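In what follows, chain A forms one complex with chain B and a second complex with chain C.
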Partner chain A sequence: MSRRGLIAWLLAGAAWAQDARQIVEEAQRRSRADSERYEGTLEVIDARGRKNLKRWIYLRVGSHGNSKAVIRFTEPPEVRGVALLIINHPERASDQWMWTPATQRERRIAIQDRSTRFFGTDFSFEDLEERDVNQYDYRMIGEDEVEGALCWKIESRPRKTRASQYTHSLLWIRKENYTFARIENYVGRELVRRAHYREVQNVQGIWTPRLIEMHDIRRNSRTLLRLEKLQYNVPLKESEFTLQALRRGS
Partner chain B sequence: MLLARLSWAYLKKHRLRWALTIAGVALGVAVLVAMRLANQAVLSSFQRTVQGIAGRTQLQVHAGDLGFPEEVLERVQALPEVAAAAPVIEAALDTGLPGQGYLLVVGVDMTGDRSIRDYEFDSGEEAILDDPLVFLAQPDSIIVTREFAERNGLGVGSRIPLGTAQGTRWFTVRGIMRPGGLSQAFGGNLAVMDVYALQYVLGRGRRFDRIDVALREGISLEQGERALRQALGPGFEIEPPSARGRHFEAILRSFSLTLNITSLFAVLVGMFLIYNSFSVAVTQRRAEIGILRALGADRSTIRRLFLSEAAVAGLVGALAGAAAGWLMAQWVASYVGRLMQEAYGVVQNVEGAPADWRLLVGGAGVGVLASVVAAWIPARAAARVDPVLALQKGRHQVLSAGEYRVRRWLAGVAAGGAALLLTAGRSPAWFYAGYVLIVLAALWLTPALARGLARGLRPLLAWLRPVEGGLAVDSLLQAPRRTSATVAALMLSLAMVVGFGGVARSIYDSLVEWVETTLNPDLFVTPNAEIANRTYVVPAELGAEVERVPGVRQVQLVRSARVPYQGVPVLLVAADVAKLARTVRRRPIEGDPEDMHRRTAAGEATIVSESFARLRGLRVGDVVELPAPKGLLRLPIAGIVRDYSDQQGTLLIDRALYRTWWDDDTVNVIRVYLAPGASAAEVKRAILEQCGRGRRLFVLANEEVRRYIFRLADQWFGMTYNQIAVAILVAVLGVVNTLTVSITDRRRELGLLLAVGGLRPQVRRTIWMEALAIGLIGLLLGLALGAVNLYYSLEMTRRDLAGLSLDYVFPASLAAWLIPVILGAAFLAALGPAAAAVRGSPAEALEYE
Partner chain C sequence: MGRAAWALFAAATLGAQDFGQRGFLELRMTGFPQTAPNDRARGVAAALLRYEATYRRGSWRLAGGVDARTDTHHESERRWNLSLLDRERQRPSFALRRASIAYERPGLTIEAGKQFIRWGKTDILNPTDRFAPRDFLAVVDNDFLAVTAARLAVGAQRNTVELVFAPRFTPSRIPLPNQRWAPLPPGATGIELRERPPHWPGGAQFGARWNHVGAGWEGSLSLYEGYNHLPLFRTYPAGTQAPLRLEIRRFYPRLRMYGADAAWPAGPITLKAEAGWMRSRTAEADEYLLYVVQCERQAGDWSLVAGYAGQKLTRRGAGPGFNPERGLAQAFLGRAGYTIDSNRNVAVETAVRRNGNGLWTKFEYSQAFGRHWRATTAFTLIRGSPDDFLGQYRRNSHFLLALRYSF
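The block that comes next holds the complex of A and B.
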């Protein structure tokens, strides 16, 4: 899963411009990298406090909106070897395939209902998509402080051409480094998901939140995504992002 | 008032007769209710399963049992009209758990299936159940219903064995579904698995059975169907889930017809018993009726009296019959369920037959109505009783010469009409009208024929016992109405027996011929335990492996499955036709044997079964359009053969053609011919050893397959045999009733005989001989009418039931068996009346009047 995917729709805007759209565009520009590698830890804590942990290795090649990524699960043992190939397209939803070593075969994952939870986490598939800034309208709400950081508070609404489970979202973008601080997603007036972006570090010149916490308000469960051993612009071949490579990797 | 006083008094005096009458109605209603409830239970069980699994599915894309390649899914999902499209495989797998039988395993893609179906889990790690990643990563994952889990003491983490293409494998329960919706399907014996894991488990390759589709908001079913048709072409069926019920009904069609015939037959039997009992009652109460009439009762009062008695008897019998029918339905439903599984390979979980009040009340209503209708003729006869004649014993049983003439004339006209309708008539209505006319002709002729035969029997009976024989024949000749009524009943019953038995015999003989000419390999290698089951398949490469086994001379690969043809599932058989032509020696009904095999082997034509052609009015040269995943396959019919693989019809095509159009190289049967001198048992062992490791494989000897087919045939004919038994029972009851009437009528005559020195054993023997004579006459006429009835029954089978033209073979062995049975039954039936005849004193008998 792409960390960039999680935050991309807020990363925009020029530093000097105070216009909401420009801020979002600048955030996107600043997060740009040709490739990426990290080891992710995904912890799901349900309403009763039970935890479920998964680990994976994430590889990405290509730039925002036109990239390919492979996620290879390493923990827990029952999902070890399972891999996902994601091919993002700028003009349409991504194509995804899953490789399951136990049956030695890949399958295409059709994300028909984008509000579906991503593999039991509190992220929906829609939350993980890399979005085109131009498919949303933005409105500056004002300024706010999130966990001690001064932020722009921006409202985004999907345009008619953009189908979304959310009617609108509120975005908090840190003034200091154009990274996300918080996102709140609404259906009508109801807040359904809230994401926090914490532990922001500069990795190879790119300010990156290393911990993302998604809270599903309805289910009262949380998912923590931690990025470890993060590297940008690592040498990766396009041939590693194919179905054949997916099979070989098992 | 009359009903309360007269009828009650008569009832008390003749409890047994009333019990028989009520039993007759109860039998008819019970069979009617049981058959309808059972049929309904099987269909609604299937519908419940379909609805339970369908969830929010609006349309289903399928191509019959053969499925289609996975790529089709992407074409469906890409359509803007489609909100969600989920692939599905369904298979009933043997659980291996004691007493649990089959588990319907529904293979779905958990990553997207929740858009179509709701899964509410009872227990289990929610994170795991909600996380398709774990579910998908572990192909042994299975979710079962709470009902199934409780029945088997299963919990999350429990392991259950299932028969897979790789042999028995253990699966881990990773979730338990709450009752309701999906869990209710297949009587709760349902499990959910990953569709891709199920492909592997069943050896199906990269194919799905169907795609369940939910449309976007605002898209109508018609719009969705149109869009799917445009995208997929004519090779696919696109229907709402309810259409599966229609297909199942089509498969059940022949069997449902058999059930309906059985029900109708049971009601007719009930009516006959009512008619017979009331005829006896009218005879016995003739004097009473005469007195009533003399006292001023009008005809309608008498008619009402008897009809009211019939209605009361009908009501009591109908209520008892409805209750008995509901109980019988429990057994019949599970019998039908088993038959569906063995004969059609459609595994059903029929959980008894729930009471349907409308059907029970309707059945009871039919019972009352049938009772009143059956009693109408005796009631009318009672109403017409002449008070003067009523006091003259036996006079009413006489037929005048004019009456004989009229009856002969009517019979002649009816027979001529029947012959004309049979030769000139084209429509089914003409055919059935001719059938009715033939039966009427036989009934009109019965008195004359019975009289002639009785006269013919006189020398024989007189030779056996000069006094008793003569008296017995005289009794028959003096009361032609009474004699012909019993003879007619016996004749009709036996004609039915010959008809049922003859059709069964003809089908059996044809089946034997088909098995001998077509199913002639020495061994059958299959991944399914039952030859009619097509759940599992094996790759075609297995054929080469089997061929390498020492002792194997030749193998023939077969892939068979039901495919939709004009909305009805028919059996498609894809085989190596060139090889088949050299080993199968069946003669075509239409077409040239060499040409049909050559063209079919070349993929240019198809050979169809007679039932397929007849039921659709097709001939050699007509073109069959068969939907396949690659499009509409158009093939001319090169030959029509007898084939009993499927009642809706069979199409044979070459495997190469099948591979091209269905993109499938699996097989479900490998026909194995042995080298000369090879031992079937040794080769069977060698095949299992060399090819069966890590595979689900059964090697069936030719004899085992034959036994299986004939066992199925016996099960199928089970109903027919019951009908034969009931027909014989009816015949016996008829004889008993006639003799009872005869004794009542002749009480004075018999008393006089005893008074003038006749011995009681002589009277007894007279009645026995009379009974035997009735039995013999009824038997002769019954067999004669049976010969005609058999012709019509075979025609019905050909035209309307199964499309099979069966050879006319008179069931001589059945007829030979009937002679001692009917004569024995007639004799037994005479024992009671004979004893009654000599029980009283002659003085009492003479005082009778």
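The block that comes next holds the complex of A and C.
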């Protein structure tokens, strides 16, 4: 390759990388809300097709990089009251605690334990964390179509400060509205989890997928998370996102 | 002024309201392959109905719960009374499990009434968990009892201080003397045991705990001043002619505990440690340091815990007693759990004495059916020498089948 050709190739590569980051930043900017509340219905379908229904209430305050979230199970009855507190940080992985009413104790979820499935669903603890744009490096792969929607296909790799079970992820972002269409998470070259984001609706000015399908490739099981009664910018107090609040929520 | 007071009252009472409830009905059948010298029964069936509810209004929260139970082995009372304080010798047929009122503001919680207070970070054994008496009627399958106390918690996240005042003592419920979980010591076979009414402590209990949450780690310091919820015994010979009789009386020694616990990630595992130094003004009570060091790891569908519980005796009091906490000391502890799928789990728990004189291992399989039902089957193996805390129950290995309907 000639020198001019090499420079052109490097510049093009840098421009694509910049484009990839800008696209993810724009996707994050468009989904920004000061708070969020929804009631989630989870249908877990195992490899043999058996179904299991769970429900939770999700509350979030703050936005990307500095948000706090609480997930509290409401169904089935035997896990009612089990709750997870997630405190996201801009510079590192989140802090997580799980509260179990039966033992009346909270337990910190260590970073190295985040690959564990979250209460029988196909989401791992890490999948419930926020993906802040600044914790990853991006590379544009190209364009692709997902379920009829034209998408950018972008590779993301966690930065050193961001502990992750995944070595890299592939993101598909819809060109039409900058919402995620699909995320594939890899460990080395192995695809371990695939998330599909469907039924995109405009909720209070924010395009939001109302159905998330998480597929655990190794187990061949799927969890369908449907977001019901979704509201953005609801009045929530920061004080409801603490360990004390987690305990008294039971 | 009247209008302002009314506005304040309205704001407090017309705030967010929330009612929550849960409970279950559980049927348990336990089978013992071997009989015990003081208990010929090979099977026990038991039923427990538990109902808990919470109601919130503004900054106030009410929490209540009741238990109703019966069984085939007289572990539960046959009287139809409602127990408020959990001091009965047998399990009460109806018990107030929890009844408390709490006032909650950001960074402040005040709760008064019958409530659960849990301290400590390790699993299987918690030396600092002093406000957590248990029902030890079947020693290895135990359940926590609530305490009557007032609790003040200040702080929300990084630093929390908890102050506890318990005016009335709640003891652990110990095995019944005529049943297999209260074996006579070696050489005492043929002696008839009778219990005198216990001597209840008259004083209150106090506790303070400071918890700090750091980046990736957390730790606590705690202090407890009161009484041990596990009893010592005073013995009184009654008669010299056969059959020999011995009368025993439970009493609860003074206890001051200095405690600490911590958890921090170390590479692929999380290290947890917890220690309590137990001091006592009661002459018959031992003074000792009880500690647990454990590592844990969760990966994929596995959950693994392995550790060691030890003790260092600093003063011998020589009073006989019942102390399952120390019974698990000088032992290696472990737990492994595997989630087969969203409905099924298997787990194995074990405690093995360092000197090999005692072993307790429990294998458990659990499966949910639909939204409400769960079946659990377990086998508990107990082995060891008669003079060991675990080994004394060597004839109590058992099968368990439990069916629970949650609502």
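Assume the second predicted complex is superposed on the first by the 221 of 250 C-alpha atoms of A that agree within 3 Å, B and C clash if a C-alpha of one lies under 4 Å from a C-alpha of the other, contacts with A are read in each partner's own complex, and residues count from 1 in each chain.
Here, contacts are C-beta pairs under 8 Å (C-beta built on N, C-alpha and C of every residue); 3 or more make two chains touch, one makes a residue touch a chain.
Keep in mind that what you see is a predicted model, and the values were worked out from it rather than measured.
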| field | Simultaneous placement of chain C and chain B on chain A, clash or fit | value | clash
| request: Considering only the touch criterion stated at the top, classify A:Ala110 as touching first (chain B), second (chain C), both, or neither. | output: both
| field | First (chain B), second (chain C), both or neither touched by A:Val82 | value | first
| chain B versus chain C as contact partner of A:Glu155, first or second or both or neither | neither
| task | Could you figure out whether chain B or chain C reaches more residues of chain A? | result | C
| said: Touch test for A:Asp34: chain B only (first), chain C only (second), both, or neither? | reply: neither
| Is A:Gln244 touching the first partner chain B, the second partner chain C, both, or neither of them? | second
| said: Is A:Gly120 touching anything from chain B or chain C once the two structures are fitted on A? First, second, both or neither. | reply: both
| query | Which holds for A:Met98: it touches chain B only (first), chain C only (second), both, or neither? | reply | first
| Thinking of the overlay built on chain A, is A:Arg50 touched by chain B (first), by chain C (second), by both, or by neither? | both
| task | Quick one: classify A:Asp132 as touching chain B (first), chain C (second), both or neither. | result | neither
| task | Could you name the one stretch of chain C listed in 3-11, 129-137 or 147-155 that collides with chain B in the superposition? | result | 129-137
| said: Going by the contact definition given at the top, which residues of chain A touch chain B in one complex and chain C in the other? | reply: 44, 46, 50, 52, 76, 78, 81, 101, 103, 105, 108-113, 116-117, 120
| message | If we count contacts the way the header does, which residues on chain A are in touch with chain C in the complex? | response | 44, 46-47, 50, 52-53, 75-78, 80-81, 87, 92, 95, 101, 103-105, 108-113, 115-117, 120-121, 219, 221, 237-239, 242-245, 248, 250
| field | Touching residues (chain side chain B, partner chain A) in the complex | value | 73-74, 77, 82-85, 109, 111-112, 114-115, 125-128, 130-134, 136-139, 196-197, 200
| request: Write out the stretch or stretches of chain A touching chain B in their complex. | output: 44, 46, 50, 52, 54, 73, 76, 78-79, 81-82, 98, 100-103, 105, 107-113, 116-117, 119-120
| task | Within their complex, state which residues of chain C touch chain A. | result | 20, 22, 24, 54, 61, 102, 104-107, 109, 116, 118, 144, 153, 155-157, 160, 213, 215-216, 218, 263, 265, 267-270, 297-301, 303, 339, 341-343, 368, 371-372, 374, 404, 406-407
